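Chain naming follows the written order as A, B, C and D, and within any one chain the residues start at number 1.
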Amino acid sequence: MYNDIIIDNFTNPQKVGDIALANCEFEIGNPVCGDRIKIQLMVENNTISEARFRAWGCATSIATANLFCESIEGKTTSDINQKNDQDIESMLGQLEPSQHHCVHILKELHQQLVVQANAGAQ
Amino acid sequence: MYNDIIIDNFTNPQKVGDIALANCEFEIGNPVCGDRIKIQLMVENNTISEARFRAWGCATSIATANLFCESIEGKTTSDINQKNDQDIESMLGQLEPSQHHCVHILKELHQQLVVQANAGAQ
Amino acid sequence: MDQQHISGYFDYNATTPICSDVIDSMVPAMKLFANPSGNNRHSQTIKKTINEARQNVAQLLQTQVSNIFFTSGGSEANNWAIKGVLFKHIDKPGHIITTEIEHASVLDTVKYFADTFGFEVTYLKPKKDGAIDVSDLENALQDNTQLITIMYANNETGVIQSIEKMATITSARKIPFHVDAVQLVGKRKINVEKLGIDYLSLSAHKFYGPKGVGSLYIKDIDSIEPLIHGGGQEFSMRAGTENLVTIVGLSKAAQRVTESVEQWDSDNWQCKQHLVALLEASPLKIKFNGSTDYSNSLSNTLNIAIDGIRGESLMLQMELIYGFIISVGSACSNNKTINLSHVLQAMNINETDIQSSIRISFGRFTQLEDIEKFVTALVSAVEQLLAISTGY
Amino acid sequence: MDQQHISGYFDYNATTPICSDVIDSMVPAMKLFANPSGNNRHSQTIKKTINEARQNVAQLLQTQVSNIFFTSGGSEANNWAIKGVLFKHIDKPGHIITTEIEHASVLDTVKYFADTFGFEVTYLKPKKDGAIDVSDLENALQDNTQLITIMYANNETGVIQSIEKMATITSARKIPFHVDAVQLVGKRKINVEKLGIDYLSLSAHKFYGPKGVGSLYIKDIDSIEPLIHGGGQEFSMRAGTENLVTIVGLSKAAQRVTESVEQWDSDNWQCKQHLVALLEASPLKIKFNGSTDYSNSLSNTLNIAIDGIRGESLMLQMELIYGFIISVGSACSNNKTINLSHVLQAMNINETDIQSSIRISFGRFTQLEDIEKFVTALVSAVEQLLAISTGY
C-alpha cells in the first residue's frame, strides 16, 4: 500500500506552486503511465533556495514530486550530485511493485536537475 | 437418520428371546446385507399369543424384528393377512434410502408368517 | 473497518459490510462441530442446518433446494459452471460465447479453455452504454456453441444485461447459458426458473454475508461435472466438508435479501438519484460511464470520469483526508505499465477518461446525508488535486 | 455438540471439536469486512491478517509463506494437486500411481482422469497391516508416470505410510509426489521440506479448526495449474475472495498445533496404550485392523473388529444408550447392497470382520478416564447386542 512517506507528501504537499522568477525549470513525463511533473527552481550561488512543482498523476508520483522539492531546498547542486542511486531509492521508503515506477521518476528528477543546473551554470 | 420408531425398538427391544415351546418358527436373511432374523411364535386358536425374535444385523433390522413381534402379538393370522403393503410400509415411519431394505424385511416377515401359520393350520 | 466508518464506505461492489444478524447467526454455528456427513444425531443437527441454508438460497432465487450447490464463493461457482460444462466436450472442443466485460474468474477460465484445449471464443463487445446487444448474441451463435457465459450486472459500471431476452434465444437453441449474477443478487429480485437459464453464480459477501461462500444454481445436474470430486457432499456434486460457519452466514444473508431486496433497492435508487443530481449541480466536470437509469443499471452503482484528475489520486485523497472509500478504473501496475479497466476499455472510453474514472457504490447502510457529505468531500478533493496540477 | 458431550466423542478423525481459542479468534474477524484485494487501508489490515495466517501454516509445515495456498478444505486441496498437475499433461495422458486406500477426494479424481482422459492408473495395495510396501511403489514406476498421490495417514485405520522413504525414490526420479496429509497434520510433526515431497494437503477441521478451510503446500508453483482461475488472490494461483473468518480460524489452529503437537501426541499415545490394554483384558473378542504401534500408526486411532456384532448396530447402541460417538467400517446403503469400507477390503479383511468393525478415534480433549468409561460402555453394548443375536 502507501507508506507514511508517500502519505505525508501526498496529503499535505508543501511545495505545490509556481515560482514567477524561476531561473531553472524542467518537466518529466512517463509516457506509459501518463504521470507528468513540472519543477521550477530558484537557484542562487549554486544553492537551490526554492523549489516548487505541479503534477498530474498517481498519488505516489505527486508525493515523489513534493518529496523531491523538499529534499533539494537549501542544498547545492553538488550536494545533490553526490547522491547515488541507493540514496535516492531509499528516500521513498518501502514501495509496492506498482509504485516502483516512481523510483525512476525520482532518479530522473535528480538527473534533470543536475543537467539543467549545469546548463544554467554554463 | 434413525426415526423414533427405529430408535425405540432398537434401544429397548421387548421381544428378544426364545419360546421353548414355540409352535411356529421361521427365519429370513438378506444375503447381500447379511441381516438375519429368527422368529418364534406361540399360536393358539389362530391367535399369536407370543412372539420373540433373535437378530444379527443393522440397527434398523433389529428394530424391525422387534416391531414385527410387538405388532403381531394378540392378533389373528387373518388380521395380519389383511394388512396391505402400505400398512406395512407405514409401520417403520420415515426411512433413509439406506434403511429401505428393512421395508422388504418387514414384508417378508409378514409373508413368512402367513405362509407358516397356514402351513401349521393344515 | 468498524461500524462508525460505514457512512464513508462507498465500495459496496467490492464487498459489503457484514450484517449484524448474520454475525449473530454464525457465532453459535462455530460450536456445532460434528461432521455433517456423519451418522450420529449431532451430525443430523448440522445436516438440518445446511439444508435450511439451502432452502433460504433456493427461496432467494425462487427455485428448489435440489438446484442449489454451495461453493467457496463466486469465483468457484463461475469456474465450476464453465469447466463443468466444457470438460464434457473436451474430446470435441467447440465454441464459447462470453463478453469482454466479465469478471476475471470468467475471463481467465474461458481463456484457459481457448489456450489449453483449443476452444474457439467469441467475446461480445458492449455498446458505449455498457450493454450487450441481444442481436449480437444471436449473431454469434454457431452450431458448435457449447456454452454461453454472460454476467447479469457489471461490477464496475453496474450496467445490467438483458439476460431474460438472451435466455429466450439460448433456451430455444438448447445452448447451456451460465449467468454470473454475483453483483445482481441482493440488489434486484431474481426468479431463476422464470429467467430460463441453466447456471447462476452468487456470492454471499456481495449481499451482507461472509466472504468465501457462495452458490451455483444448476438446472440439470446431469449437464455438468463436478469441479471438486470426492465424497457425497452436495448431492455428490461438490466434495469437501462443508464450511458450516459461513454457509450459516450465507443462509441468514439470503433470508434478509428475500425479505428486503425491494426496499433496499428503492432506498438505493433514491440515493443514486440524489447523487446524480448533486454531481450535476456541482462544479465538477463529469461524464457517466454506462447507463444510469433504473432498468439498465444497478441502483447502487455509479461510474464517472472526472475531468482533470487521476482516479487513483482522488481515491487516496478521499480516503486519507475525508474518510471515504471508493474504487478506480485504472491503477499503476508493475513494470511501468498502466492497468486500464478492461470494462471501460471495452466500452470504448478513451484512456484519459479511464484514468480519471472512479466507481461509487453504496448499499443498505448508506443514508441520503452520507451521499451529501460524499459529494461535498469529492468536490473539495478534486479541487485540491486540480490545484496541484494547474498548468497541465 | 456442546462441550459437555466431548468426553463421549470418539470420532476425532471425522472432525474435531473446535478449540475455544480458535472461536475467539474468529469472532472479531467476522467484523473485518473490507475486500482483501482492495487498495484502501482497511483492505491492508485484512491482507496482513491473511498473511499472518499464511505464516502460521508455513510454520506448522516448516516451510515458507510463498509455498502455502489456502483452499476450501482437504478435498479441494487434493483435487487441486491432482488436476493441477495432470491437466498439464492432458495432451499426452500418462500414468498415475496411487493406493487403494485413499480418501474419496483422491480416488474419485484419479478415476475421473482414467475414465475421461485415458490416464493409466496403478493402485498400490496395502499389506494386511495397512502399510504400502515402498518397493511396490518403486516397482510401479513407469517412464511416463506423471503423478504419485499417496496419503500420509489413513483416516480409518490411522496407519502411517513411509512417505519419507517414498519421497527419496520419487524425488530422485523427479516424479511429482502429492501427499494427502489431512489426517497427519495436528497429530504428528511435519517438516515438509525435509520430507522432499511436492504437494501436501491439510484441512483445519481435523486439528481443532473450522470446517471448509485448508491449504495446499506447493513446492514449485510453475509445476501446477490453478483449479480455480481468476483474480490475483493467492499469488494468482487460486481465485476467489478469501474466506477470512475461517482462514483466521485455521491460522490459530495451526499455531496451536505447532506449539503443542508433541504434547498432544504423547497424551494420545498414553490413551491408546490404555485403550488397547483394557480391550485386551476385556471379555470382547477383538482383532486389530492394521498396525497399532507408535511409529506405524496414529496415536489417536484404533480400528477393531469385534466378534459377533454388527458395527453399525454397535455404533447406534453406543450413541443412544451410552452417549459415545464412534464410526464404522460398513453401513447399509441404498438398493440392499452393503457398503464395505474400501480401506479394510484393500487390507484383505473378510466381509464379516469388516461388518463388525468400528473406528475409535480420540484427541486432545480425551482424558484417560474417558477411555475407561468408553471401554466399560463398549463391553456392555456388545453384550446387549450379543444377547439379541444369541443363537446366531
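In this text, contacts are C-beta pairs under 8 Å (C-beta built on N, C-alpha and C of every residue); 3 or more make two chains touch, one makes a residue touch a chain.
Everything numeric here is computed off the predicted structure, so don't read it as measured data.
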Chain whose mean Cα position lies farthest from chain A: B
Separation of chain A from chain C, taking each centre as the mean of its C-alpha atoms, in whole Å: 41
Separation of chain C from chain D, taking each centre as the mean of its C-alpha atoms, in whole Å: 34
Separation of chain A from chain D, taking each centre as the mean of its C-alpha atoms, in whole Å: 58
Between chain B and chain A, distance of the C-alpha-averaged centres to the nearest whole Å: 94
Multi-partner residues of chain B (each touching 2 or more other chains): none
For chain C, residues that touch 2 or more chains besides their own: 39, 41, 331
Which chain pairs touch, all of them: A-C, A-D, B-C, B-D, C-D
Chain C - residues contacting chain B, complex: 39, 41, 43-44
Chain B-facing residues of chain D, complex: 308-310, 312-313, 316-317, 320-321, 331-334, 336-339, 351-352, 355, 387-392
Residue ranges of chain C in contact with chain D within the complex: 1-2, 5, 11, 14-18, 23, 26-27, 30-42, 71-76, 78-79, 87, 90, 103-109, 111-112, 116-117, 203, 205, 210-213, 225, 227-232, 239-247, 315, 319, 325, 327-328, 331
Residues of chain B that touch chain D when the two form their complex: 2, 7, 10-11, 13, 16, 18, 30, 32-34, 36, 38, 54-60, 62, 97-101, 104
Of all residues in chain B, those that touch chain C in their complex: 1
